[in-house]
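In this document, chain identifiers A, B, C and D correspond to the written order of the chains, with residue numbering beginning at 1 in each.
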Amino acid sequence: MKKLINDPKAVVDESVEGFGLAHAGLVTVHPDPLFVSRKEAKSGKVGLLSGGGSGHEPLHAGYVGFGMLDAAVPGAVFTSPTPDQIIPATVAANSGAGVVHIVKNYTGDVLNFETAAEMAQAEGIEVRTVLVNDDVAVEDSLYTAGRRGVGGTVLVEKIAGAAAERGDGLDAVAAIGQRVVDNVRTMGVALSACTVPHAGVPSFELGEDEIEIGIGIHGEPGRHRIPMENADGITDRLLEPILTDLKPAAGDKVLLFVNGMGGTPASELYIVYRRAAKVLADAGLSVERSLVGNYITALEMQGCSISVLRLDDEMTSLWDAPVNTPALRWGM
Amino acid sequence: MKKLINDPKAVVDESVEGFGLAHAGLVTVHPDPLFVSRKEAKSGKVGLLSGGGSGHEPLHAGYVGFGMLDAAVPGAVFTSPTPDQIIPATVAANSGAGVVHIVKNYTGDVLNFETAAEMAQAEGIEVRTVLVNDDVAVEDSLYTAGRRGVGGTVLVEKIAGAAAERGDGLDAVAAIGQRVVDNVRTMGVALSACTVPHAGVPSFELGEDEIEIGIGIHGEPGRHRIPMENADGITDRLLEPILTDLKPAAGDKVLLFVNGMGGTPASELYIVYRRAAKVLADAGLSVERSLVGNYITALEMQGCSISVLRLDDEMTSLWDAPVNTPALRWGM
Amino acid sequence: MADSLGAAWAVDWLRRSADVVAANRVALSELDRAIGDGDHGENLDRGYQAIVEKLDAETPATPAAAFKLAAMTLMSKVGGAAGPLYGTAFLRMATATGEAATLDAAALAGALAAARDGVVARGKAEVGDKTMIDAWTPAVEAATAAAAGPSASAGSVLAAAAAAAEAGAESTDPLIAHKGRASYLGERAIGHRDPGAASSALILRAAAEAAGAPGAAE
Amino acid sequence: MADSLGAAWAVDWLRRSADVVAANRVALSELDRAIGDGDHGENLDRGYQAIVEKLDAETPATPAAAFKLAAMTLMSKVGGAAGPLYGTAFLRMATATGEAATLDAAALAGALAAARDGVVARGKAEVGDKTMIDAWTPAVEAATAAAAGPSASAGSVLAAAAAAAEAGAESTDPLIAHKGRASYLGERAIGHRDPGAASSALILRAAAEAAGAPGAAE
């Protein structure tokens, strides 16, 4: 394992410290308990908070700023943060109108955010939770922990963030977040595993000619392993379950998001985008907006995920609304 | 070699095609000969063009748009483009005020751009060339091809692009580009090699516990190979020759740019940034602006480069000026 | 074997747990790497090291005080699924044992049952879902049976719980998971031991050893 | 051996070059991988394949027309350092040979000298800089000497050039590079052959073989 780190136990603290130095105009880093908050937020707006294990950068701290999150809570690498971090972050995100927690659906995240929400509510802060569970690789049934939250999280944070910024109330912000969740589906592929710093060994073993279809963002194994295919073939395999599950109608407007897992060059993401755009067009869908890049990663994993979000006019205009964060910025 | 590609011979064409689809509002892709041009440019402004081998994405096509490049010319992977691409791109970038070519100092790039510039000039287009050679890993002497153009290129394109956008004339745009070149120094490190698609094997071999100091962006070997060190130690090693060569004075204002080579997670870049910011502060420098991320890459190479640009007020205000490109955007 | 156990036992349990978690840190993460995300050992170790630090600074007066210290520390330091679940387990034990200075066989069995119920309340897992519940539920049943027996002692209750937890952890090997990260794997989880069940068995064994049960040699 | 060579020879030379470059594509890139960026074989192959496509569509009437076709194609398809340098070499040969229908020994030696001078004019390399010039300059010298000799023939000029280029390519092995990418490596370039010198030797050998020089069997 070769990484640009010092002490494996200090990676999150040091990285977030550097992040705070690089984006001092936008965010404040609170070192202990660790969380990141937005520097200048309108008073009286609904607060938006997200968090989760580290290793998915720029998620979540990279999305703190105007039009997106008010606070982000980084846990240890691939480990959900704890209530003692989430509670003060919730307090910081609250400016009187309550706070929406955006939580990726993993047992650990759900439990820790649940506890924190209860305790924040006991302190008089209204909290709503939007649970993101967009990963069609996982069967959503009574017999699993339910679908994981993956790529769609970025879209939820952007769109709900814009709703909060324009002054929507607590329930309305949570509702638009939920609407994004209801309309987005994601599926990922890994060409290589990733290595958690404290573990020092790859999270799984992939043969020279194997890929893992349906991976999550924690280096956990995926749905199945197949021999390497070309980019078009892989793209088709990712889109198939997305479209089967989302069931878009011809003429639907969609946002197409091709996300890099951290170790894949942008050029390859565009090759995937090219195919995905064709497949969607052939299905009669209109790709109205797109996003291509490393927005929710799994350390240095090679691979990508594709998310398709069915848009309505309100979601589109919230997507287009100005945003100014370290990792996503337009309109200002 | 596992990559999200189809035919190794088609990677550049397909990737640029996908790029054009994803950013159709900003750029036009001309497939044969291949180049990318800006969709809406003010008539009468100086045109800015850059190009080089592919594999460094988002460089250069990712910087086509308002306030930066008017055209970009992608060569084959790690191979400079040819005059038959550069000439029509120059014609497209010209709206009457002439065109500045931003060329990274490699023999191939210099020769091909030189030929193209001559031929464009023969067709009546005024061309100026800014040669970027910021890599302090390479000895700049009569006995080498001179320093390579690396990370500083992004800064040259942004700052000269802003000058062109505000209406500076041909010589003035070239002069400000040259001023950036004169004041920027870069040094890189690789933790792993990268694999050119048509080659299929890594560009060099690095042992499990070795790193390569002073690498360029083409998978070429670096200045020397050393045993793996921690992030702080590596950062110090990169900054030392930069500061020795740039010779900033205490109180100087600088821009600090920590660039990922493609396969390194953002979290690690911030750990490097953290140390670099401290070292510069200890040297009495004031870090006024910063940039952290994958802006000039070497495919999926793991590693980073650090660039330090000594700022003056004009460069700072041109850096801050609005920019709207696929890969760099603010102020609009 | 002791007939009832006080704060010193509770503290010793926590310290022994810290030791055994540290010694099995890599092994637990290795189990988690196979069917989860490879952090279980690291997470618990971070939590138990923090418990030891706190125990070095303050000495709980009752078993409940020790459990509460453990609960708060695990909740705030572990994260992931295990943090809130173990945190809840210790919090429920603290509530169940209240002000008592010492715990007899019945009180211990009751505390373990409360812990288990807390984990179920939070995590909604049933026996057979391939989670730590597969260790805790047989442990609670064995402890309850031992406490009801004629020669019940605090130590024998904990020894029975530890043995049952170990068998319960083993019983997860052939299962498909229905909760936690391993549930994403479907059939691919078969043949792997659940890391939380494994750590639960280690921790319950530490409880028995702290009570001087057979095997508590060192 | 032929006393003078016409357009057919020039076309044959280019086709043979395409074959030998294709056959050595990986080997040339391998040389470039060691001290450059690993694309030299790929670059040249792309260029020569395009030349073959053009030759399939049109038949140059003079050696100069063939050279010009090669120059334009290499210039527009190869990229990198080798594209403009080889492009210039062929362009200068076209200029040097003008309207001539056939080239005799002296004309061939002159064309090679013009090619070399073009490469030097563009690339500013000297002998010993570890570039293709280390193959071209001895080739030009040998060709000039052969052309001046008593039994000079077109074929013997090219054979002399090819042999000298091969020795020249080998002579780059112990050198430190002063031009091109390999110059970044300093001492680490020692022990590796310059890829452009190696490809120059292959291409000049193809010229000789096209002229029916010994070794041109097939």
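Everything below uses one rule, namely that a contact is a pair of C-beta atoms (placed from the backbone, for glycine too) under 8 Å apart; a residue touches a chain by one contact, two chains touch by 3 or more.
The chain list, named the UniProt way, goes like this: A, B = Dihydroxyacetone kinase subunit DhaK; C, D = Dihydroxyacetone kinase subunit L.
If you're wondering where the values come from, they're calculated on a predicted model, not measured in any experiment.
S.K.: Kindly list the shared contact partners of chain A and chain B, in label order.
M.R.: A chain counts here if it touches both chain A and chain B, and no chain qualifies.
S.K.: Which chain has its C-alpha centroid farthest away from the centroid of chain C?
M.R.: It is D whose centre lies farthest from that of chain C.
S.K.: Whole-Å distance, chain B centre to chain C centre, using C-alpha means?
M.R.: 55
S.K.: Indicate the whole-number Å distance between the mean C-alpha point of chain B and the mean C-alpha point of chain D.
M.R.: Inter-chain centre distance comes to 33 Å.
S.K.: Hey, how far is the Cα centre of chain C from the one of chain D, in Å?
M.R.: Inter-chain centre distance comes to 77 Å.
S.K.: For chain D, write out the residues touching at least two other chains, lowest number first.
M.R.: Answer for chain D, listing residues that touch two or more other chains: there are none.
S.K.: Indicate the residues of chain A shared as contacts by at least two other chains.
M.R.: Counting only residues that touch two or more other chains, chain A contributes none.
S.K.: Does the chain-touch network form a line, ring, star, complete graph or other?
M.R.: Shape of the chain contacts: a line, open at both ends.
S.K.: If two chains touch, include that pair; go through all of them.
M.R.: A-B, A-C, B-D
S.K.: Would you mind writing out the residues of chain C in touch with chain A in their complex?
M.R.: Residue positions touching the partner: 29, 33, 35-39, 42-43, 46, 75-85, 122-123, 178-181, 183-186, 188.
S.K.: Quick one: in the complex, what on chain B touches chain A?
M.R.: 2-7, 11-12, 14-19, 21-23, 54-55, 57-58, 62, 191-192, 208-209, 211, 228, 230-232, 234, 258, 262-275, 277, 290, 292, 294, 297, 299-300, 302-304, 324, 329-332
S.K.: What residues of chain A sit close enough to touch chain C in their complex?
M.R.: Against chain C, chain A makes touches at 33, 53, 75-84, 106-108, 111-112, 114-115, 137-139, 143-145, 148, 196, 198-199, 201, 203-204, 216, 218-221, 223.
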